[in-house]
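Just below sit the structures, each encoded as structure tokens.
Two complexes, one shared chain (subunit A), two partners (subunit B, subunit C).
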Partner chain A sequence: MTTGEPAVAFRDVYRHFGEHEVLRGLSFAVRRGEIHALLGRNGCGKTTALRVLLGFLSPHRGRSEILGVGSDALTPADRGRVGYVTEGHQLYPGMRVREVLSFEAATRPRFRLDLAERAVQRCALPRQTPVIKLSRGQRAQLSLIVAVAAQPEVLVCDDPAMGLDVVMRRELLDVMIELLSERGISVLFSSHILTDVERIADRVSILHEGRLIVDAAVDDLKQRVRKRSWRPSNGATAPPSLPGLLRARRTGEGYDLTLVSDELDDGALRQLGGVLGEPVVPTLEDLFLDVTTNPADGGILSRATDAEVSA
Partner chain B sequence: MHTVEVVDAVLVRIDPQSAEPIAAQICFAVKEAVARAKLRPGERLPSVRELARELAVNPNTVVRAYDRLTQDGVLVRRQGAGCFVSERKATLKDRERRRQLDAALQRVVTDAFHLGLQAEDVRRAVERALADVQFPTDEKKARRSI
Partner chain C sequence: MKALLRRDWASVSFFVATGCVAHTVLLASEGFDRVWVERDSELFGYFGLFYWIAAGAMGLALGLREDALQTRDYLLHRPISHARIFGARQVAAIGVLVAWALLPLASDYALAALHPNAPLIAEGRFFDLLANGAVALPSYAAGAFAAAFTRRANVLLLLAGAPYAALGLGMFGLRRVDPWATHPAMTTLGLLALAALLLLVTWRCESERDDADRPWSAARAWPAALVAVAAGGFVALLGLGELGSTLDQFLTRSYPRLVRIGDEPRFALAEYDADRGGPWLLDRQHRRGPNPGRDAERRRWVSIERDGALKAWWNEHSKPRRTRGVAWRDLGWGVEFGRAFFNADTGMVTVLREAERSSGRPAQVYRIGRGAEHAAFSARAFPLGRRWEEGVTVMDPKDATLWRCVLADSVPQFVPSPLPDGDRYREPLDLRELRDGIDGEPRALVAAVLARGDTPFAIRGERGSYLWNGTEFEPLPARLRAAAAELERTRARPTATITNRDPIVRELEVRDAQAVVVFEHTFTPQRLGERVLAAALLGHSLLRLPVAQVAALASATPHMAYEYWWRDGLLTGRKRAWLLVAHLAFAVALGWRCYRRLLRLGAPVSRCLGWAVLVGATGVLGWMLYRGVETRRAWHRPPVVQEPPRLLLRSA
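Let's turn to the complex of A and B:
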């Protein structure tokens, strides 16, 4: 295995449950040292994708790899290089916080007890309290601490912020940032909290109906995508046809257009006539709504990255 | 909006939802703090971890911002000690510096025109902005420190 390999790779992965096709040709990669967010609506296949990646589920077609090793061939040593945090936070409910730490330290050779103790102290987690009596947010923090203190090279988190309020999420983010600065690890996390993603992810993938419809660097998205209102002059009711148009949403007087700026042709925009509003940068949430509620236009933003994934 | 307090002065403000990449926002905020003498030559910047935590952003982003500032000569990195504000120095030739200044001003003046402002408004705005920045008193002395 070389360091040139991506931390995580999905190559044309298919998986169905009975008649229901959950993953339909999923392909993307997480580069070394990258924080990669996997987004999608509930039931879009995020958890299935992560379970396939970790070898808990077999794909019906295609393959996935972690650190260059096929998900179906991960040895215990390989698994030691991967951290996994689930929404359910797999911790023994009866153990006290301090017992969780000493248990992990005794059973995992690379576990850094000092790092874990410091993180527990900083989060003010009560050391004598059994896991079952911790709040949801505290359990999320503890399972993240435990996963990262084992010094994984790749951390996979399945919606770690699920069910946490804004204060608990901020604390979780805090632990994550602290632990990430300690060691430059690669992270793949699924999430539905888009403001957190905007802050922390280098790259986002949006999964919709079993396929990726966006795979792009967050900074790139911000620079390339613009929203503009459009009020047609002749009272036309049909949405405009433009290169680089990701979505046209009907408004009272015309349309809100979501445009990919570098595919836009200024001439075509001028020919539209009517009144065009100033370009506005959409938030990740706007963009998410645009692409996941308009699957017909999907794929525009992932085109540029197809080569990177298959390379 | 989150801020970092450094010696009673707000050093970095970012808006994660802005069109400007977060790394670029951090870069500009540090440059601005140096120009306004909120950060002085030789002063140490927060570590990557400190700033990432304070702003709740990806540590990789702070690393990128510090790298760029180091390349631009705004910061110097001392092995194991962190990043410090460098002594102000001009690495570009006079002609290139003037060219860049002219280009930046052209943009400002053009924007002002399209905002429907007058020449006097621009002059007053430039004066206000200049008042916030602390230029070195002796330009020749500053150049000698190259």
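Let's turn to the complex of A and C:
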């Protein structure tokens, strides 16, 4: 990989399952050393995108690359440079924790057993316990430890905090931050937990119905996106038409407007008339809700799954 | 590789332990004699069945393990080539198979060496039994192939299991489980080659990701399809052979019987239908004629079918299995039992005194031959009588002498058993055959004799028949002589013979002692039941492989439906070309349909042609395979819709 070349790149990737199109022209890149979050609702194509990236699925159109190598041409050596935490934290259930570490050490030349042992100790994982008897959180921690201890140049995590409660999630996040700190590893991870994403991600991409609708740095989002309430004076019910307006959500007598500030024309705002609220910096969760739900749906929960609600 | 093997340690240990225990239990249940002394091909079949089931299950389990544990991605995403991962699994599996064969056999052999009858252990038996384990390799490979061929529950599952089924049917259905009777090394090598081929194709299947939304690559599709279609073809032909055989039997039974009315040279077609007021005489179109009365006429009928030709004709369905080597007989020395093993290879008989075994002392083992000199019996010698029922008597055709095993000073010895008046042995006289072969009063007499507890043993000499009275042969009692004469007379009746070889149309002729044809009739389907069965026979033919049908029609020698499972008796002897034409037209239509559909789905022309040829050659079987592999979903391409980009927010 040459300097400046992205660690991960999707170029107009299409993939369908039967009649259902899951990815529709996905294009984005993860820079070297960047922690990139891939967000989206259930079934929007996050796992498919990551499996395409790792060569476990082939795209029907387009191309993905990891460390400059096409996903369809990854050699075993290339795989040694990429860490992968699978959805559901796949590990052999019959292996004990220490056996998992020795298996990984024996099958990955770059694996740092000392680092893994320290992390296991730090997380207080019972070394003699079979994986099947570990809690979900412990399995997630172990998966992350073995993926990072292999000293990958790119780490791909498929919803590593899925199914974990708040405490476990926080612990996992701490482990992740500790393991990744000062290692310069590029990370691409999918997640539902937006507060976590906000904490560690440099950049987010939001997938919706197979399409990329947001690809931006987290700081940039905080600087540029504002929410304002607007109550029209003339009793108009139609949403306003403004440059830089991402979403207008109906609220009682007015609208909550999500606006991109650098595209916003103050004059246009003033011309709206009515009562305009003070600008507020939205959370990532607010933004996510705004861009991935249609106000006509009647609310985010209408199409969400149980998993999403519990998360 | 070592790490992968260590990973498999738990599952390997489980398989080794389970299989070894099962094999050990099998060996123990069979006992010393059957395992180490007797030469019984059924024993090999019994163990072969164990290997077939256990190894096939292991192949399937190991092949599907990563899917069951959902660890396939986790395993494959590491700096190890797929070949190494696949190889490690095969090494582990072969280790298990070797352990299954070797450990229980070695331990049982060690125990057998300490057995009082250890001298009886057949030379080379250990390696024969070990070689029997070679069956496990292709069974394992067939299981692995089934796992790799398809991981989806559709029609392919049937074909994925075809090599496994073919192996089982080949071994047990065709009774080819006694390979060491002929060329053990060649058979073992053949099994190993089959295993290697299956594993190679399994590797091809596994090296490609299973993706329902992509067509199989040619490198995966064609080898797998050819293996599946070859094995499936074998299974299908064997199954259809059985179906043809059954239909043929039903049709044969539905045709009228041929009877002779009393001793007159008068023959007729008849039907025994006692439930509907029969029997009936039938005309040449198989229509019912007069009912001659239930009893008076019936008593005068003699069913020709019992007289040889027709009986043999039907009984060809169950040809007796040939065995060779050791046969054993209960010596029947009153309370002192013994067992004898006749070895046709050496011409010697090994005798084991059971009474001494049961008392806990080591049994005396004797190897004896003819007379006090213990000369070897000739190569054509054979033991007489039935298992467990008569004493040990050996007939030596070299000089037409009979030798009976007796205890002389507590030592078993074969002594000549002369027939009265210097008669010479001709053949054994089976009293059961006598009982079953005659009607009327003599039959009841024989049945009464047979009902005695000591089950008499009789032979036929050149001048008369004789019965063993416990110490010597004596002429058959008068009443049994009459029965034997009746049987001779019955045998001398005119014989009915089917002169052609066709599953549907049967040409029957009856010749008298001077070979003059006294009756003939051509059986063709006339009644509804006969027509339905004939139509079913023709219909089953359409399910066979067209390529096999072409070969059948090319065969000049006609045969019955069931005689050769791979050739359709309806076509052999260059009959019913119209049936082949219809069959080929059907297959070509299927092939054409397959070609058009694939072309429509967007497959390359070479692929369309390949499938069309395969379907044309293998008919319904190939069509099933093609539909399983070439799904609409795999070739589905949604139309490319140029949509405006919907990126709401992007930053550098």
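Keep this in mind: the second predicted complex is superposed on the first by the 292 of 311 C-alpha atoms of A that agree within 3 Å, B and C clash if a C-alpha of one lies under 4 Å from a C-alpha of the other, contacts with A are read in each partner's own complex, and residues count from 1 in each chain.
In this section, a contact is a pair of C-beta atoms (placed from the backbone, for glycine too) under 8 Å apart; a residue touches a chain by one contact, two chains touch by 3 or more.
Small disclaimer: the values here were computed from a predicted structure and weren't measured.
In this overlay on subunit A, subunit B fits alongside subunit C without clashing. In the superposed model, A:Asp202 lies in contact with subunit B only, and not with subunit C.
Once chain A of one complex is fitted onto chain A of the other, the partner contacts of A:Leu245 are absent, as it touches neither subunit B nor subunit C. With both structures placed on the common chain, the touch criterion links A:Leu101 to neither subunit B nor subunit C. The partner of subunit A that touches more of its residues, comparing subunit B with subunit C, is C.
Looking at the shared chain after the overlay, A:Leu173 reaches subunit B, while subunit C stays out of its contact range. Of the two partner chains placed by superposition, A:Leu272 touches none, neither subunit B nor subunit C. Contact with neither subunit B nor subunit C is seen for A:Leu38 once the two complexes are overlaid on the shared chain.
Once both complexes are placed on a shared chain A, the shortest Cα to Cα gap between subunit B and subunit C comes to 15 Å.
The touching residues of subunit B, counted against subunit A in their complex, run 16-23, 48-49, 52-53, 55-61. Contacts from subunit A toward subunit C in the complex involve residues 15-19, 21, 24-25, 51, 54, 56-58, 60-61, 76-77, 79-80, 82, 84, 86, 88, 90-95, 102-103, 106-109, 208, 211-217, 220-221, 224-225, 246, 260, 291. Within the complex formed with subunit B, the residues of subunit A that make contact are 33-35, 170, 173-174, 177-178, 180-182, 184, 195, 198-202, 218-219, 222-223, 281, 283-284.
Subunit C contributes residues 2-4, 6-7, 10, 69-71, 73-74, 76-81, 209, 211-214, 633, 636-638, 640, 643, 645-652 to its touches with subunit A in the complex.
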